[in-house]
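The data blocks that follow each hold one structure.
Same chain, two partners: subunit A is paired with subunit B first, then with subunit C.
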Partner chain A sequence: MSFISYLIKGISLGSVYSIIALGYTMVYGIAKMLNFAHGDVIMIGGYVIFTMMSTMGINPLIAVLASIIFCTILGMTIERIAYKPLRKASSLAVLITAIGVSYLLQNIALLIFGADTKSFTSVVTLPALKLAGGRLTISSETLITIPACIMIMIALTIFIKKSKTGRGMLAVSEDKDAAVLMGVNVNKTIAITFAIGSALAAVASALMFSAYPSLTSTSGSMPGIKAFVAAVFGGIGSIPGAMIGGILLGVIEILGRAYISSQLADAIVFIILIIVLIVKPTGILGKKLKEKV
Partner chain B sequence: MAMLEIKNLQVYYGVIQAIKDVSFEVNEGEVIALIGANGAGKTTILQTITGLITAKNGAVMYEGTDLQKIPAHKIVSLGIAHVPEGRRVFSQLTVYDNLLMGAYTRKDQTEIAASLENIYKRFPRLQERKGQLAGTLSGGEQQMLAMGRALMSHPKIILMDEPSMGLSPILVEEIFNIIKSISKSGTTVLLVEQNAKKALAIADRAYVLETGKIVLDGDAKKLMNDESVKKAYLGE
Partner chain C sequence: MNKTGLNSMNKFNKSTINNIITIALIIVVYVICQILISTGVMSNLLQGLLVPICYYSILAVSLNLTVGILGELSLGHAGFMCIGAFTGAFFSKCTATILPNVFLRFTLAIIIGALSAALLGALIGVAVLRLRGDYLAIVTLAFGEIIKNVINVLYIGLDSKGFHFSMKDTVSLNLLDDGQVILKGAQGISGTPQNTSFTIAVLLLIITYLLISNLIHSRSGRAIMAIRDNRIAAESVGIDITKFKLLAFSISAAMAGVAGVLYSHNISSLTATPKNFGYNQSIMILVFVVLGGMGNIRGSIIAAAVLTLLPEYLRFMQDYRMLIYAIVLIVMMIFNWNPTCVTWRKNHPIKGIFSLLSNKTKKEA
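And then the complex of A and B:
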């Protein structure tokens, strides 16, 4: 029974990683940049919910919606101010800027909320599910996280495959110039991508801090980096890759923590990244670019 | 007034001048060929017209507006379609989705459906393969898809960059027949080709480009008999 319980916990944590990894992978696919500030948007989302619920006593659902709106605007603002002027700069300049934005967000949070750890109140108010005569308990956060992840994946896939904006995003990610020739506004497409990625980060933050309730100004970095590993693991730029990579990573982390060593769990995650990069640099679902004459 | 008028165009890649004071014009209904060797600047000119590259000096006048002042993604809706070199179809999208991408800026669904119908009539092969990913098509089919995709924008003028590149002689023949029929149906054509013989055969007028400059121009039939053109581009 404990194995199943760990597995479910792993899938749940992995679902959170998947949702975060989607933001990384979509931005990478379309803007060809690694947005290392993505994890910190999660942290900001956490503080928004925390402030609204704990300080102002607002209903959790409204707090989560407000956080989604706040993070969407934040993500678009970051893109507009920090990344858009660098559209023609080298990728190294963009990467350094992203790291700078990451520190900026962390320090703004530190300035406003202080260095002490805040205890996040779960946004989920349902009771836990007890199965097999009480031997298997599934927390209510887990019960919400997994279906939420599945719903996001389905909605996102339909949006990308069926909507005009989605097709435009796929076109930009494959060939920016050809997309421009079709009349796609690349700047607008990149802005939309950041908006979607940041909204998903807000959802992930609500789910993650409900399950792991300690919130500090650096709470976003570790999940951000792990979601990045998940995106690379699944094949960066690939949306199904982010889902598979995220869930696998969550399961490996929880099982590693349970059966190998709780201290080494994070190390295991990064060892996996190194192995993946050596064995299959493009990730599980990464595409090899093939040109046809 | 010419439909498309390129005036004193100068384009640089860094410090290297790729286009040195090029001027030419395309009138409505014409087929204009731009011929020249590799690196002469043919592709650069087309990319400057559709805004992918910004010129340092000069103007690209289209129906009275300077295209240099218009963002690249708005140019297609003015009626200019560009079939880029190397086809550049979206390999991860289906044939059908690629064609829809061609109509990205159009709103009227019934008109889009009518254009799609027309393109399927012109390229029956694309209809057969409409559900297939474009990356799995053969080179010739990809070229047809790139042309069909450009036609989906319902252009007044279509720019084609090396449409015959890398194709077998039979397919080259087919592609040139398609270009002729596109022209017959009323679309103006600006054709960039290394296959000078074929290009001159279907063009009304032609410009010969050498290292960023126009060195010769005139009636396509006359250029075909020009000694220097024969020697340099027709292999005679």
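And then the complex of A and C:
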């Protein structure tokens, strides 16, 4: 029974990683940049919900919605101010700028909320589910997280395949210059990608901090890095890849923590990542690119 | 130093002049610092930063070899530093009584730190051969985190029967009465002899600089740059990609290991925390390299020195200092690389001031 409960916990954590990884993978696919500040958007989203719920006493659902709107605007603002001027610069220059943005967000949060750890109140108010005569308990956060992740995946896939904007995104990720010739507004497409990625980060923050309630100015960076790992794991740029990578990562982490060593859980995740990448250098679902001279 | 200077003046090519300028610059700064220290003008805080500036410079120069010259993005440089720091400190602590000669012991510690980091660099180099770009970046990041995690659970003790290893706690080492615990898991190594001095650190920086700079201008260096510029073309003219990639990676790692030994012999207790050996530290070193100009060794040293001093000079802003640091970083990147800013800089009357910056931009392109 304990194995099943760990497995469910792992899938739940993995679902959160997948949602964050989606933001990474979409931005990478379309803007060809690693948005290192993505993890810090999660942290900001957490603080928005925390402030609204604990300080102002607002209904959790409204707080989550407000956080989604706030993060969407934040993501678009960051893109407009910091990344858009560097659209034609080398990818490393953009990477360093993203790191600068990450420091900036962390320090703003540190100045406003202080260095002490805040205890996040769960946004889920449902009771936990007890199965098999009370031997298997599934927390209410898990009950919300897994369906939420599946719904987001389905909605995102339909959006990208069917809508005009979504197909524009595919076109930009395939070939930016050709997309311009076909009448796709590249700047608008990239802005929308950042908006969607940041909105997903806000959703992930609500789910993650409900399950793991300690909130500090740096608590977004490790999940951010793990989600980045998940995105690479599944093949960066691929949406189903982010989903598979995220869930595998969550399951490996929780099982490793439970059965091998809690201190070495992160190391185990990284070792498996390295093995997978050495065997399959572009990730599980990554496209193999042919090189031309 | 004068002797090397005069000898190379005869050849008079561009790279030797560049070397002389950089080394002269380091020596001048060193002499000024020594004068300031002896006259008591320099504050204790600033004196404490002199050695860190040296090891950060060594780290930046060595990472520049991977990122700027080989053209592969590495986010695990702090991991190599970590290995160097721990093996160096471990050696110094084991031999503290056997080898009373400080100079000999410290030299050996540096060699051991460099070798163990190089070994690990070669190991990662094997992964490097199959991966590229962001995939490689994530693997190097993962390696760095694994090293940090493993050191945090490792316990090593020494007694008359030899070494004892454990991954649980100090009790399970089963040490004899005369034994001592050297590496205490998350508590790290404490009581390392503090052998690092500003003079040694500067000397090592100069050695690193000369080594990397000579490598770049040698046949091997040109082969490495050919791989960066076009791998397939380099392969087709008969350059052994495996050999040169591994060479660049191991040398870069070895130098990071040296910086680690300097680091561990500069502080009293050494622990592997996310702050000193985590990916944030690796990213910090990468920031030095990118701001200093990729492939520009002198730029790396200047950027490392400036960015190490900057937070200290921003201290008067108290809580706002890291905020200002972040903003300065973003503004500098946009100013350096935005097309509009680049044209503005070229046409503006005060362009002389920015000539240093625009030179770097040209090298980048």
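Details
Rule of thumb we're sticking to: the second predicted complex is superposed on the first by the 289 of 293 C-alpha atoms of A that agree within 3 Å, B and C clash if a C-alpha of one lies under 4 Å from a C-alpha of the other, contacts with A are read in each partner's own complex, and residues count from 1 in each chain.
Simple rule for what comes next: a residue touches a chain if its C-beta (ideal position, glycine included) is under 8 Å from a C-beta of that chain, and two chains touch if they have at least 3 such contacts.
It should be emphasised that the depicted structure is a prediction, and the values quoted were computed from it without experimental measurement.
Once subunit A is used to superpose the two complexes, subunit B occupies space next to subunit C without a clash. After superposition on the shared chain, subunit A has more residues touched by C, the comparison being subunit B against subunit C. Contacts of A:Ile278 after superposition: subunit C is touched, whereas subunit B is not reached. When the two structures are aligned on the shared chain, A:Ile58 is found in touch with neither subunit B nor subunit C.
When both complexes are overlaid on chain A, the residue A:Val101 reaches subunit C alone and has no touch with subunit B.
Once the two complexes are overlaid on the shared chain, A:Phe270 sits against subunit C while remaining clear of subunit B. In the superposition on chain A, A:Ile225 contacts subunit C only, with no contact to subunit B.
Of note, the Cα-centre angle with subunit A at its vertex and subunit B and subunit C at its ends comes out at 90 degrees, rounded to the nearest 10. In the superposition on chain A, contact is made by A:Glu174 with subunit B only, not with subunit C. Once the two complexes are overlaid on the shared chain, A:Val186 sits against subunit B while remaining clear of subunit C. By the document's definition of touching, neither partner reaches A:Ala66: not subunit B, not subunit C. In the composite built from the two structures, the nearest CA pair linking subunit B and subunit C is 10 Å apart. With the contact threshold set out at the top, residues 293 of subunit A are in contact with subunit B in one structure and with subunit C in the other.
Those residues of subunit C whose C-beta lies close enough to touch subunit A in the complex are 67, 73, 127, 130-132, 134-135, 137-139, 141-143, 145-146, 149-150, 152-153, 167, 230-233, 236, 279-280, 283, 286-287, 290-291, 294, 319-320, 322-323, 325-327, 329-330, 333-334, 336-341, 364. The residues of subunit A lying in touch with subunit C in their complex are 28, 34, 36, 82, 85-86, 88-90, 92-93, 95-97, 99-101, 103-104, 107-108, 110-111, 221, 225, 228-229, 232, 236, 261, 263-264, 266-267, 270-271, 273-274, 277-278, 281-283, 291, 293. Residue ranges on subunit A touching subunit B, taken from their complex, read 164, 167-168, 170-171, 174-175, 177-186, 287, 290, 292-293. Here subunit B touches subunit A in the complex through residues 50-52, 71-74, 76-77, 81-82, 84, 88-93, 97, 100-102, 104-105, 135, 137-139, 142, 149, 153, 165-166, going by the rule given at the top.
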